[in-house]
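Everything below concerns the one structure shown next.
As written, the chain order gives the labels A, B, C, D, E and F, with residue 1 at the start of each chain.
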Amino acid sequence: MGVVVQNIERADPAVVARLGACGVATVHEAQGRKGLLASYMRPIYRGARSAASAVTISAPPGDNWMLHVAIEQVRDGDILVLAPTSPCEDGYFGDLLATSAMARGCRGLIIDAGVRDVADLTQMGFPVWSKAIFAQGTVKETLGSVNVPVVCAGALVNPGDVIVADDDGVCVVARAEAEEVATKAEARVAAEEEKRQRLAAGELGLDIYKMRERLAEKGLKYI
Amino acid sequence: MGVVVQNIERADPAVVARLGACGVATVHEAQGRKGLLASYMRPIYRGARSAASAVTISAPPGDNWMLHVAIEQVRDGDILVLAPTSPCEDGYFGDLLATSAMARGCRGLIIDAGVRDVADLTQMGFPVWSKAIFAQGTVKETLGSVNVPVVCAGALVNPGDVIVADDDGVCVVARAEAEEVATKAEARVAAEEEKRQRLAAGELGLDIYKMRERLAEKGLKYI
Amino acid sequence: MGVVVQNIERADPAVVARLGACGVATVHEAQGRKGLLASYMRPIYRGARSAASAVTISAPPGDNWMLHVAIEQVRDGDILVLAPTSPCEDGYFGDLLATSAMARGCRGLIIDAGVRDVADLTQMGFPVWSKAIFAQGTVKETLGSVNVPVVCAGALVNPGDVIVADDDGVCVVARAEAEEVATKAEARVAAEEEKRQRLAAGELGLDIYKMRERLAEKGLKYI
Amino acid sequence: MGVVVQNIERADPAVVARLGACGVATVHEAQGRKGLLASYMRPIYRGARSAASAVTISAPPGDNWMLHVAIEQVRDGDILVLAPTSPCEDGYFGDLLATSAMARGCRGLIIDAGVRDVADLTQMGFPVWSKAIFAQGTVKETLGSVNVPVVCAGALVNPGDVIVADDDGVCVVARAEAEEVATKAEARVAAEEEKRQRLAAGELGLDIYKMRERLAEKGLKYI
Amino acid sequence: MGVVVQNIERADPAVVARLGACGVATVHEAQGRKGLLASYMRPIYRGARSAASAVTISAPPGDNWMLHVAIEQVRDGDILVLAPTSPCEDGYFGDLLATSAMARGCRGLIIDAGVRDVADLTQMGFPVWSKAIFAQGTVKETLGSVNVPVVCAGALVNPGDVIVADDDGVCVVARAEAEEVATKAEARVAAEEEKRQRLAAGELGLDIYKMRERLAEKGLKYI
Amino acid sequence: MGVVVQNIERADPAVVARLGACGVATVHEAQGRKGLLASYMRPIYRGARSAASAVTISAPPGDNWMLHVAIEQVRDGDILVLAPTSPCEDGYFGDLLATSAMARGCRGLIIDAGVRDVADLTQMGFPVWSKAIFAQGTVKETLGSVNVPVVCAGALVNPGDVIVADDDGVCVVARAEAEEVATKAEARVAAEEEKRQRLAAGELGLDIYKMRERLAEKGLKYI
């Protein structure tokens, strides 16, 4: 505790953008169905989307001091990822911190705790995915760390990892795998388009994916 | 497990429509306050409404194979009702399956688990009531059954039962009782209209429903 | 149980309005970070706001009789606050009760239980903050009390206390403290405006709030 | 609502005993992995075991009147199964009702709600599987039904079905299938004994169940 | 925040003992079914019982400083009641604090948060009712208050109120009402004894409580 | 997915034993208050204790195939740590697997899912810390991995890390830090002993830890 790592490597912004264009569900599939944060992490408004490089924060419960420290480390294209050291739903973050973060190019906040001023944040277009919306204030008494590995809502996030977030939730992609995942995700998008057209025309997945034989082998009975 | 019932009886579409017009709260009351699914079953977008005949699915946790099987059984005016065999919030269903289901006239999905691609589903106008929004992918390895009785979110649903769903949640009406319930529900709607006008004019429920005497008998004291 | 207190003191409407203009997060901070109801109390539609004087209801689980009794006690500028005597998520309140309450000038409902007809309530603009949206009907068999102190969603609410509610949740302010809290809250709003401008201009909270020295004293290390 | 079915068919006591001897996990497997009540249904003391014929109760939230009605219907070898009509954790049942139930040969209680006087019940050896331990009292104002089909903790229970309950939870077996399930369960117990000995001797499940080839086919890599 | 009230009035120890002898369920009934803490408050070991006078603590999340302050205020026959100012399950209390509290005659701890060292506490016979068992450590940075009114697990507790706790949970009795409640509770215990004997002899509650006529009036049908 | 790492480094058994002797709460403190698994991870019986080297398992929901694979990798002094790839409470593990694991020297199981046959496991003295007790059976259809890093109940566990578990829950210590943490933990135990004696003698923590001055500086008021 009490460490701020200042020089982290970030993913290539072009790769981040490609991942963002594919969306959470596709990226998660493309990297082998891993990296999803827990389903309780919900956007504060519908239609929120973000893809960015993680600046991570490990913070004590009910203490938002490290958010101020972290914002100094934010560069354009980063997203804040806060994991409390024990379960907490206090409102660590509100419109003033969002104003400061936006001024530095921050693309949003992923927080396994609470957020407040959500009407203002919505109007500002500052996206947040959180465990709770809760006005409870926090103190500034105890150190945490910035840009260390954290487990956020069940997923390991290293500083500089890519965060993709949309209405389906939040997914983390390891920086070293980002380009490969982006390529696979784009391939999935392309492949899905052809299937979507066939399905829309009334063709069945049972036939497109050739499932009938295997279902029969497993013993499926039609009665 | 491993059974697909192909010929199920469905409710009269006209009756289904009448129930849908009354809405969940009224239909639930009209049938004696039964048939509601648990309150955690929420629509993926506000304003979603559906009334349709149930095609039921019993599926293993994290395995969406039976959804492909079930879609072949869907006819125009049906709704899919999926109950996992143990608690699960994985994303069994997304935009490709929705495209396929819509092509067959499916009116929506009730799923005691997760759903994904909710931004797409919202844009497509395909309504889903689910326990979670979660991008987690599923496998296709283990059989389940289609059109067998299931307990979904605490309510027994038989294939061909009528599902009514709106912003208040989801209600199931037994096929055999559907017409009678529709008639009672419509009577409630009519009766409520007169009361709404009296209440809007400032008359009190205490007087309209003649509650004062019984409250006094029970011992209510005004101080 | 079984008591209706008819003459309660209410807060000054001008003070109530001042608190409402400041919003939940600011009011909560201004009174020393107390008074918040639990984070599970959510508005049935986004953008709902209310500030009003509490008419409290203690009601048995699954029994909404006392709501009818309470509505008679409502004056223009009041808000209903219902706490069940044991945990319950039944739908105590719907469009008919809302019609009646609105006719008497009621500004909304805070209910540590369920509500139904939310599509209608949204259209009517009648704001509700609740623990659940659930169509489950209730009975009228057992007495409760009106205008007695209640614990609602973890917060003590006395009749005549000020309720402030918005997208961030619900906060209660003791009637006797309302004016002082309003003054402090307005001071916070004013002070925040200057900070917002500095933060928007790129100045850091670390500098504005002079945190660097204290962080160093606590042992924060930059690496 | 408001119905008491007096003449129900019960399962053969010998079959019930055979199922009880096999235990919940084995019975659940023997009937195709169905019939389990939700995992939140826990025994009030460890080591509780019961196998009996269900007398079902559908009761309003916070109202235990029907328990008195149901006890009259209990015969030696029965177990009470109570499902509230909406979620509730009130203490419907305590030592007086247990005394009465035991006097009639009742073998326990399965309740998707709360129970109280658990120290007394433990001393009496009256087993209860419940969702909560909670002293909250209930009223006697509203009718429910006895010996109608209920959904209890996610499982459909018909009157006369066999309930098997132990430290692993609760399982229901349809009366008509009880004998067949008992036979299959006993076969599983016998088969397991041989495997237990081989496993205890250090042989691996991979070899006993011949899993290695199929794992390799699926692509498992040892590194 | 930041206040320690040193001179509080306590209930008569004889009355406290009488309430403790009656137990949680009976006391709760005797005072009109109020005063129960939420059902998630569970004893760390079975058979724990306590009846004592409350020393209350309002503490920040994850900060146990005030426990040290509160222990100085404890007299023989007191019990600590801690409510965090926002939801938290950290382990505020362990064997060292228990050693200190026991040395001052403390009869236990009621904490709407976590506790640790439960094996030691069990061996010491120091009873705790808590929301969680969790080893997570806490800091000593932020003030709270001692002997102010708190809402603990949904119940209002004033310093000097009587706490009764056993395997059924926790109940608070207002100091001013303690003697009257004790008398009523003892009357209930006496009355129950006669009923217990009649029920044990096989008489039905339906007859003892003369319920048959009222059930028939309400429309109960035997079929 | 689909990888089994066979040669992992394990911690020194002597160090593991030293950590185990200190217990979860002390070890967690000694390593800077990190490494705790979520509080919902509870032992299936009280008094369970284990300290061992982790063999990790990443498994699909409802599929326990990899447990069979993992048991082959177990050496004397290891403990199994299973994390499902999405939330699940199925009963992955029962008495047969425990028999097999014990035959290979396994010291227990940490599972962020369900376990069954808990009466047998208790009798066998095979300790399990789990999220649920649930008899629900699982399939053997989909690969997972063994001895890869997993996030289990919110904590990162690498193969070969030290697991310490007791009635307070579960803590993970990184293999590389194990010796240093053991030394610090033992120092804490020694230091606590002296404090325990002073506290037992009635000395106050306020004095032993010299808190009075700092409390006064922060503004604590005694009234």
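Here is the rule we go by: contacts are C-beta pairs under 8 Å (C-beta built on N, C-alpha and C of every residue); 3 or more make two chains touch, one makes a residue touch a chain.
Keep in mind the model is a prediction, meaning the values are calculated, not measured.
**Student:** Hey, what chains does chain D share as contacts with chain F?
**Tutor:** Output, common partners of chain D and chain F: B, E.
**Student:** Using the contact definition given at the top, which chains are in touch with both chain B and chain E?
**Tutor:** Both chain B and chain E are touched by A, C, D, F, going by the contact rule given at the top.
**Student:** Repeat of D-F among A-F, D-E or C-D, where over half of the residue-numbered contact pairs coincide, is which pair?
**Tutor:** D-E
**Student:** At the place where copies chain A and chain C touch, is the share of residue numbers found on both sides over half (same) or under half (different)?
**Tutor:** different
**Student:** Using CA atom averages as chain centres, what separation in Å is found between chain B and chain F?
**Tutor:** Roughly 42 Å separates the two chain centres.
**Student:** Need the CA-centroid distance for the pair chain B / chain D, whole Å please.
**Tutor:** Comparing mean C-alpha positions, chain D is 28 Å from chain B.
**Student:** What is the distance, in whole Å, between the centres of chain A and chain B, each centre taken as the mean of its C-alpha atoms?
**Tutor:** Distance between chain centres, rounded to whole Å: 31 Å.
**Student:** What residues in chain E touch two or more of the other chains?
**Tutor:** 33, 36, 39, 85-87, 89, 134, 136, 142
**Student:** What graph shape do the protein chains here make by touch: line, ring, star, complete or other?
**Tutor:** It is other, because the touches fit no line, ring, star or complete pattern.
**Student:** Every touching chain pair, please?
**Tutor:** A-B, A-C, A-E, A-F, B-C, B-D, B-F, C-D, C-E, D-E, D-F, E-F
**Student:** State the interface residues of chain D toward chain E in the complex, per the touch definition above.
**Tutor:** Interface residues on the chain D side: 2-6, 45, 65, 68-69, 71-72, 89, 91, 94-97, 99-100, 102-104, 114, 116-119, 122, 132-137, 140, 142-143.
**Student:** Taking the complex as given, what residues does chain C use to touch chain A?
**Tutor:** It is residues 23-25, 28-29, 33, 36, 39, 42, 46-47, 166-169, 171, 192, 195-196, 199-202, 204-206, 209, 211, 215, 218-223 of chain C that touch chain A.
**Student:** Where on chain D is chain C touching in the complex?
**Tutor:** 60-63, 85-90, 134, 136, 139, 141-142
**Student:** In their complex, what parts of chain F are in touch with chain A?
**Tutor:** Its residues touching chain A are 1, 32-34, 36, 38-39, 85-87, 149, 151, 154-156.
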